[in-house]
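Notes follow once the structure below has been shown.
Residue numbering begins at 1 within each chain, and the chains themselves are lettered A, B and C in the order written.
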Amino acid sequence: MENLLTTSELTVPEIQEILKCAQAFAEGKEWKPEKQLFLANLFFEPSTRTKCSFEVAERKLGLEVIPFETTTSSVVKGETLYDTIRTLESIGVNGVVIRHKEDNYFQELIGKIKIPVINAGDGCGNHPTQSLLDLLTIKQEFQSFQGLKVSIIGDIRHSRVARSNADALTRLGANVVFSGPKEWFDDSMLQEANYEDVDTAIETSDVVMLLRIQHERHDGSTSWTSEEYHQMYGLTKERERRMKPGSIIMHPAPVNRDVEIADELVECERSRIFKQMENGVFIRMAVLKRSLQSVEGGNVHVNDYQKWPVA
Amino acid sequence: MENLLTTSELTVPEIQEILKCAQAFAEGKEWKPEKQLFLANLFFEPSTRTKCSFEVAERKLGLEVIPFETTTSSVVKGETLYDTIRTLESIGVNGVVIRHKEDNYFQELIGKIKIPVINAGDGCGNHPTQSLLDLLTIKQEFQSFQGLKVSIIGDIRHSRVARSNADALTRLGANVVFSGPKEWFDDSMLQEANYEDVDTAIETSDVVMLLRIQHERHDGSTSWTSEEYHQMYGLTKERERRMKPGSIIMHPAPVNRDVEIADELVECERSRIFKQMENGVFIRMAVLKRSLQSVEGGNVHVNDYQKWPVA
Amino acid sequence: MENLLTTSELTVPEIQEILKCAQAFAEGKEWKPEKQLFLANLFFEPSTRTKCSFEVAERKLGLEVIPFETTTSSVVKGETLYDTIRTLESIGVNGVVIRHKEDNYFQELIGKIKIPVINAGDGCGNHPTQSLLDLLTIKQEFQSFQGLKVSIIGDIRHSRVARSNADALTRLGANVVFSGPKEWFDDSMLQEANYEDVDTAIETSDVVMLLRIQHERHDGSTSWTSEEYHQMYGLTKERERRMKPGSIIMHPAPVNRDVEIADELVECERSRIFKQMENGVFIRMAVLKRSLQSVEGGNVHVNDYQKWPVA
């Protein structure tokens, strides 16, 4: 049983192993567990996109997906996450995919439950399957990360993805730079990657990774219009023309068209935006396989606390 | 790949082909695609009845149905329908069933996405699977449409079904008349079918098709009580006794009992109301088969915009 | 076709038969219907826990579970439960699991629909699968009910489970006593079982069955804090030490930790709380099998009211 909680906990060989497995799925490889296995997706923060991607991955692996409605669950009435997951474990669920707005929500679970937890996003912190699908997309394009220049542009402070990606890409041998409004940067971020102005970053990178503007998270202290942001920090058609030959554009989606990126560029030659979504399914298949391949399946007698046998 | 968007786009031979296929399913024929195929039902306007019917049809065909929660999707945050469907296409969904309150919502999709769209209702306009299930029910009863008299009674202006049915039935050789409160009619409707008073329509028709009173759509300008409506325009027990021998009663449901139709008549000998629901599953199976039978299945590399190969 | 509506309608041999079948499932027995069968879970009152348990049971039996969203169904617009279930029957659903806040909601269905109804809880009254899973847990522990002393402690007046359990346990040969705040008892309850003070009940019972405090149902007339309730009527660590050797603790969950039971005792040696949840799946499999094993499957022509044949 293997959890997947953060990108940073994965060693470079573990990342490479997941990418290799995902690539095999992309090329048509199939894998199904020997027994009927049950999985539940607990999305305490809505995310149709990520949830649908997990659902497709789960069905491709032949898993039984148990619907779990977070809005009506006992968690709303104050039940702890531990008690909820322990209940699912008791009724025979073999693994859980969780998205939760609280940072590191999984700390209360680890070591106490026996089924794997796959983190589908926590607070502002971690979103490892998104990082891994980004890595797969880059690897498919360039075969190796060694010496690649990757610029990550936008609201890095609020981005689950940016910080995990910067860390993993650096460990894999890439050179990462951050860009975007200087107002959104602080010193802690600049320990992770250097800052470059937008034009330099876009012109010199192999991968231009744009982040979604999180309107809902900002406090109004920055007062650009969408059009102003686009001209100052967005990937305009004019900037795209100055990109390196063979370089690619990435974005975790959903895209604010004509804000982070010009509408016409979303599906341009360089864009790997929909390719990223496609790869998300293969990454999730690989991650699920990694977590579930040693699970025996079926309900097991879970009450280990009892010291005398139940007939 | 075939979309199903409106009844009017279907030729008479196409309608006959769908009815024939649905009748074969009604008689126990089975069909399943060779590969695992994924489908999503996007109901932006709730309709448990239609959604459940599609779900049963989809499961009978062995499809994988990916849950899609419209209330928490990015569409709510302003994502276009195109970007949503394009995302589903990217993650490997092979077809979408959509209900949407906007008229002709599908215009922004057609020609731009590669997976089939099946329209499960748009605005006040089209609801082709409802029309087709009505046609199947009539055909099962009378074998042919030629020379049949069909009266459609009620709120025709607000009815998705009435106008599509009138058009299709006329093309198939039936004689359609409209009836109900004159206040609810306008000139455009009377180009589609003649108006007859309720008593004449009911006494002389082979098929009496009642429409649901859409309380929620009316502006209060008509001020009948339910009882008054029932006496003036409803199918009362007294009117039912004057129906032609062998004639049948239809209603798209849900029924307002004792408004459009007397409570005791909902499941009377002449009623095909629950038969219509039963036929809905077979029609949806036929329509899904028509759309999916040429789909290869599996994720395909969807980024056609890129001009250089991805490893 | 067998409904499961209340525990009291089950004879002792019927209860024993269900427990035997559930125990076989617990030991790994498998059973699947010969044909594809469809089931819908209609939870008009939310209960993630019970719903997930039914879902796992249904998937283990290979059933097709049709999602039914009660919040958007026509029931909200005033459609009767009968019309809703009749619709599901018409589209080919072979059985329904229903939770509803109205007492005996199923009375309007019985004898009028042809598919089995499994009651997953009604009002304050019945919750037969919860009773049966409690019985299975006790039987696994003690092999027989004869002469066992079972105390049920807490809010018996508002408990679906307590009264059904008291009745069934008594019929099976056990000696049941009630305990908890005297203010919560009335004469009708004391016809079902004797009252004992909490300390006596806990010290002398083979099974201590705690009930959840239903904060949401109380009117504020009782004014203990959680801590006060715990000290006066809860299973404290101190009380647990005085329990009989080999005696067990049960609770229907979700638990209010440190109210009905001390936090540390929820997973102690004596606790069968998570074992109960595990057993819930096997009971639901047994109950579903009992209801579905004679169903033929597939859509049947449901319009029995028509007197002339449909082609």
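Annotations for the structure displayed:
The criterion applied here is as follows: a contact is a pair of C-beta atoms (placed from the backbone, for glycine too) under 8 Å apart; a residue touches a chain by one contact, two chains touch by 3 or more.
Chain labels with UniProt names: A, B, C = Aspartate carbamoyltransferase.
All values reported here derive from a predicted model rather than from experimental measurement.
Taking CA atoms, the transformation carrying chain A onto chain C includes a rotation by 120°, reported to the nearest 5. Both chain B and chain C derive from one sequence, and where they touch, under half of the residue numbers involved are common to the two copies.
Averaging Cα coordinates per chain places chain B and chain C 39 Å apart. Annotation for chain B: residues 67 touch two or more other chains. Of all the residues in chain C, the ones that touch chain B in their complex are 36, 38, 40, 64, 66-69, 72-74, 77, 79, 83, 86-88, 90-93, 298-299, 301-303, 305-308, 310-311. Residues of chain A touching chain B in their complex: 26, 28, 46-49, 51-53, 55-56, 59-60, 67, 140-141, 143, 246, 253-255, 267-272, 274-275, 277-278, 280-282.
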